[in-house]
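Here come two complexes built around chain A, the first alongside chain B, the second alongside chain C.
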Partner chain A sequence: MIIQKTEKKPFVWKEYQKEIADDHYYFVRSCIRQNFFPGAEEVFIRIIGKDLGKDIYHDKEHTTCTGIGYHVDLVKLETTMTVVARQFALMTAAGYKNLLVSCVTSFGLYNEILAIWEENPEIEDKIREYLYKATRKTFEIPENLVHASDLIYKYKDEIAARASFKLVNSETGEPLRVIDHIGCHYAKMFPDKGIGGAEYPRVLSGLIESLGGKIIDYPERRMCCGFGFRQYFLKSSRGYSLSCSYKKFKALEPYKPDFIITNCPGCNYFLDRWQYVISDIKGETYGEDGNGIPVLTYEEVAALSLGYNPWMIGLQMHQTAVEPLLNKIGIEFSPADKYKGYSGRQLDRPKIPELLKAY
Partner chain B sequence: MGKLYDRLKEDVRFVHGLHSCINCGTCTAICPAASFWDYDPREIVDLLQVEDDNIVEDLLKGEKIWYCGQCMSCKTRCPRDNTPGMIIQALRNLSIDTGFYMYSSRGRQMFALKKLIGDTILAKGYCVHADDIDTSLFPEQGPIWDWIKKNRGEVYNKFGNSYNRIGDGALRKISENALHELNEIFRITGSTQRFNQIENDAAKYARNTNIDFDSSVCSDYFLQSYSNTNDNTEN
Partner chain C sequence: MDFDCIIVGAGPSGLKAASVLQNSGHKVCILEKEESPGGKLIVWHELFPHNESANDILRQMISSVKPLIRNSISIKKISRTIDQFTVTDQNDNEYKAPALLIATGFKPFDARLKEEYGYGIYDNVITSVELETMFRNNRLTTSTGKLPEKVAFIHCVGSRDVKVGSEFCSANCCITGIKQAIELKKMFPYLNISCLYMDLRLGGRLFEYCYKTAQADYKVQFIRGRLSETNENPDKTIVLRYEDTLAGRPAKMTVDLVILLVGMQPDHSILNLLPDIDKQVGTDGFFGTGRIDQGYRTIEDGLFFAGSCTGPKSITQSTDEAADVAYRLGTFLKKKLQSETTEYNDRIRIQHS
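Let's look at the complex of A and B:
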């Protein structure tokens, strides 16, 4: 159930109506996205910068925020806070005040650090000392902390107005059925920092509805994908990660979704890859005719609607094939171009999984 | 109250994470790790409220603190605004600082995590990097990853054309200056010392248990740390 504002309850959403700056963003990239879905980040920059004409600055001097290292207990809190302070310093030096974050783990961590500093200003002072000692840098706190999906949400109606394709089955005219997966660190820690909070997340469902699709509510909608940080990286506990995703797939399977939209780099990776693993070890696939359920990020969905070539936004890097979705929407694409490289050369084709269909 | 509990209270995550637990068990009900392992965040928070150093030491030496997946679902739902996931962060941090992490098989896995993530952060400026990931350690990456790896220049350069080179595209090379500053931050804030401690503790443990050890991801010790644990508490 989605709570709507009414005359009697005009402020029911107030807590979760997030302020999002209109323009001028300092962009920090995601480690996971650059490795596994780099086209998503690239097309995000293009949509915001070129299509919507906003000022988005991507600085080659920033590094990882160390978020994964922090959550596997390897990198100390003081270190992570100082690395994040360095990102703030780079933003300040570049003349920006709005920090635009490409990763949900980073976004949660930035929020956590700012909350700690607000309650314990002596810790912020200590971090400023560490940063100056290590780099001679100083910084201002961002005025506005925005996750990349917040921005796509903010401009969803502009994107919809420019869309070449709606999220509608081109044969039946029915809205596509979509599962949204928000990612725990977007709003579970600080619900007021996310659109819709943790319980009634709107950040993805708002985009889907603007583009003509239909969101499915299902029993494990808020369940973690199972990344678990150390639990995934260590082979001995990877079953935890797989089991969490399996629980979600079994819960969403009866609703026959056309695709899954994700908010978080890790979730996108796991919901994509675990379908291959589940097909291999359990003999189960969750799409039609041996296909999986395509798993797309918010900007991949926006980009397809805007008419971007699926292979220029990196959809060939997904293990779970996206072709069934492209066909449903009626997007024309060249199968021959899927495995062409940067030089235009036709590359060898990847091996085909035993059960999960690939093209 | 004793020394270990005092040290826990020095960690801001412990202070922010534990206000007053009413032992309702909501955290355990929502916890994915509790549904998978014999793990109960409510029990851990309840034990800590006794403020007994013997109990704290048992936790620091034990397996249970390593089960949490850090999803922080507990923070959303706790009716008293506690965060068992942050308490776990403080416990793990103290377990490493005191050396007690070497008493548990899951604690000793810090070495594998240091090799997989820590070394990449300091060498490349990313938490993970395609050059360091393959399907022998991560088979779930699937055949698409073998294809990406084999053709990585051709694939990554489609997205910003700066793979492993200075630029602003995907997987750009992080500049020497940025890497130097990152390493300086690690040194000044204590994480370099932590990394060295984890390496030294692992080498010592390998010597004492006659396991082949070198600092690579190929040694028997790494593979044992990465693959195996000695406890059997999976449900």
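Let's look at the complex of A and C:
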């Protein structure tokens, strides 16, 4: 057993230090991220491609990984594996070796499939055969499989060096108090595939600390956000999903966090949207003065720091309003532009909830 | 400096072996790396199952062999010729003897490796070793200076755990936990104590009696449960998340103090200095083979092991083994002396013929 010293956590397992390729990534998008908050993925590509000048290839040919279908037992494992094999084939054809995954569900699934193939090479052979019969494609196994948040973590110090805003309260100068929430499928399935393992993942806390914020450790830190695939997708068990999120909010409430950062599309969506539902059902809100606690993704946080316009990176797509946070950091924004499209045309405004404050 | 036997480690087994060897007329020296002898007894307060004072026991152990002990010795090198070991210390002093007895004991499991238990992360998660120090100092509070009201003992930390690479049972932690729970309850009669165990392995004499007493007289609650993780509340109390394996369901508990009953790990600090390293270590990392017939085999190389460096042991077991090993070591020395005498006589005979 080898343990190594790091700055913040004095002892971590050596196998939890993850290797992340320096450049040249084949990017596979996330189905739900593009629907829930499309700006996040776009700004990620911009940060990595334009701001940091890395080679990131996004392919219009690739499809869903079928992960959600697989986890709710709609898609057979063999089908899922063949679809994933096709993504690998597209990556190979494009001349890339590093697969950059946008979604935590996909990331877990790719790791799971690679582990299945490693342990059962005959299954890999069978899938290669299926893929060849269906598409005449062949593939190489990715040399480096990273999640998008891994990459932001890798370049966190460069991002911090260019940052126009730090995660500090502009009035008091105090660091912002941040809750990190890691998607279950990021490291709980394969702890050695995540930065810092499953117990104390560093992937988001490292970014927050680099940008000047303070991470809060609280009792339900490692609990599921409530999405849980079956919990949500089966309508009969949706109550589990909500009660899971409720438990988390009750646990983090006393710590008065300024915002929540997540690296999984499902977590981001549910921690964001359920706040509205809980306010409706229970009459409770968890932020200050009737506000919710804003829920942001890692690239949204990075983009805000880098000085991107909050409405251009799609922060209006979050149901829990982010304005109090923007004011706290001291980011200037135009409230009138919130619901304007890229062309400047005024879009429809959402219905304002009764309890949870919206702007 | 020439001796009949060099003993490395002045813990219970080293001290016992020294006393036996000294009584049979051998010239012995004990090398101890710490400033004072006693091994783990130095930090312990009371000993199971009779709650004897560790200090008193240690004093008795040391009394007859005190002049033989050399403290603060850090061994730099161990070399051997056909019939002699030479141990070199940090000041380049050389100790020579035909026999070497390793009694280096164990080291407590580093609980930081079970990172989900929060040791080294949360202040109110401590180990059984630290609790003993608190007992000794007669000062027991939580990190916030409060007297604890609810305490949980976690059994099998670093024992029977494949994840941290130690698959064996440390044999002494169950009874240590029970002893400590009773001691705690004597200090704070209002205390609410829960022990989360996976099995209770109470094989020693009177251990079962202690277990019954803990339940009947001291109302210690035993829950068959495995801890999955700990978390800290804003007031520094600890939330335990565990599975009640009898009820088959997850559960939560908030306590003021968590005590991890850390297992016994092989201490390899001397290993690299020993000759034929591979032969000396068993699959579990402890020295020797652990075979019953080990004691009956002829020892030819003069290297002996005793105490908890050959496997998890209680003090009684360690000293029993040490006495046995000292007896065998004495036999080895006697045989060696005989063969040397024969050789010497032969040489004289040749010269005269």
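Here, the second predicted complex is superposed on the first by the 347 of 359 C-alpha atoms of A that agree within 3 Å, B and C clash if a C-alpha of one lies under 4 Å from a C-alpha of the other, contacts with A are read in each partner's own complex, and residues count from 1 in each chain.
Please note the rule applied: a residue touches a chain if its C-beta (ideal position, glycine included) is under 8 Å from a C-beta of that chain, and two chains touch if they have at least 3 such contacts.
Predicted model only: the values in this text are computed from it and were never measured.
By the touch criterion defined above, A:S343 reaches chain B but does not reach chain C. Legend: residue contacts after superposition of the two complexes on their common chain; A:Y218 is shown touching chain C, with no touch to chain B.
Contacts of A:V277 after superposition: chain B is touched, whereas chain C is not reached. Of the two partner chains, chain C is the only one touched by A:Y200; chain B is not. In the superposition on chain A, A:P191 makes contact with chain B only, not with chain C.
Ranking chain B and chain C by residues of chain A touched puts B first. In the superposition on chain A, the residues of chain A touched by chain B in one structure and by chain C in the other are 199, 222. Interface of chain C with chain A (complex): residues 112-113, 115-116, 120-121, 164-165, 229, 231-234, 239.
Chain A contributes residues 29, 31-32, 34-35, 38-39, 41-42, 58-64, 66-69, 71-79, 82-83, 86, 108, 115-116, 119-120, 123, 130-131, 133-135, 137, 184-185, 188-189, 191, 198-199, 222-224, 226-231, 233-244, 247, 273-274, 276-277, 312, 314, 317-319, 339, 341-343, 345, 347-353, 358 to its touches with chain B in the complex. Residues 11-13, 16, 32-33, 35-37, 66, 69-73, 75-76, 83, 89, 92-93, 96, 106, 109-110, 112-114, 116-118, 121, 125-130, 133, 137, 140-148, 150-151, 153-161, 166-172, 174-175, 177-179, 181-182, 184-191, 194-195, 198, 226-229, 234 of chain B touch chain A in their complex. Chain contact summary for the complex, chain A toward chain C: residues 1, 3, 9-13, 197, 199-200, 217-222, 254-255.
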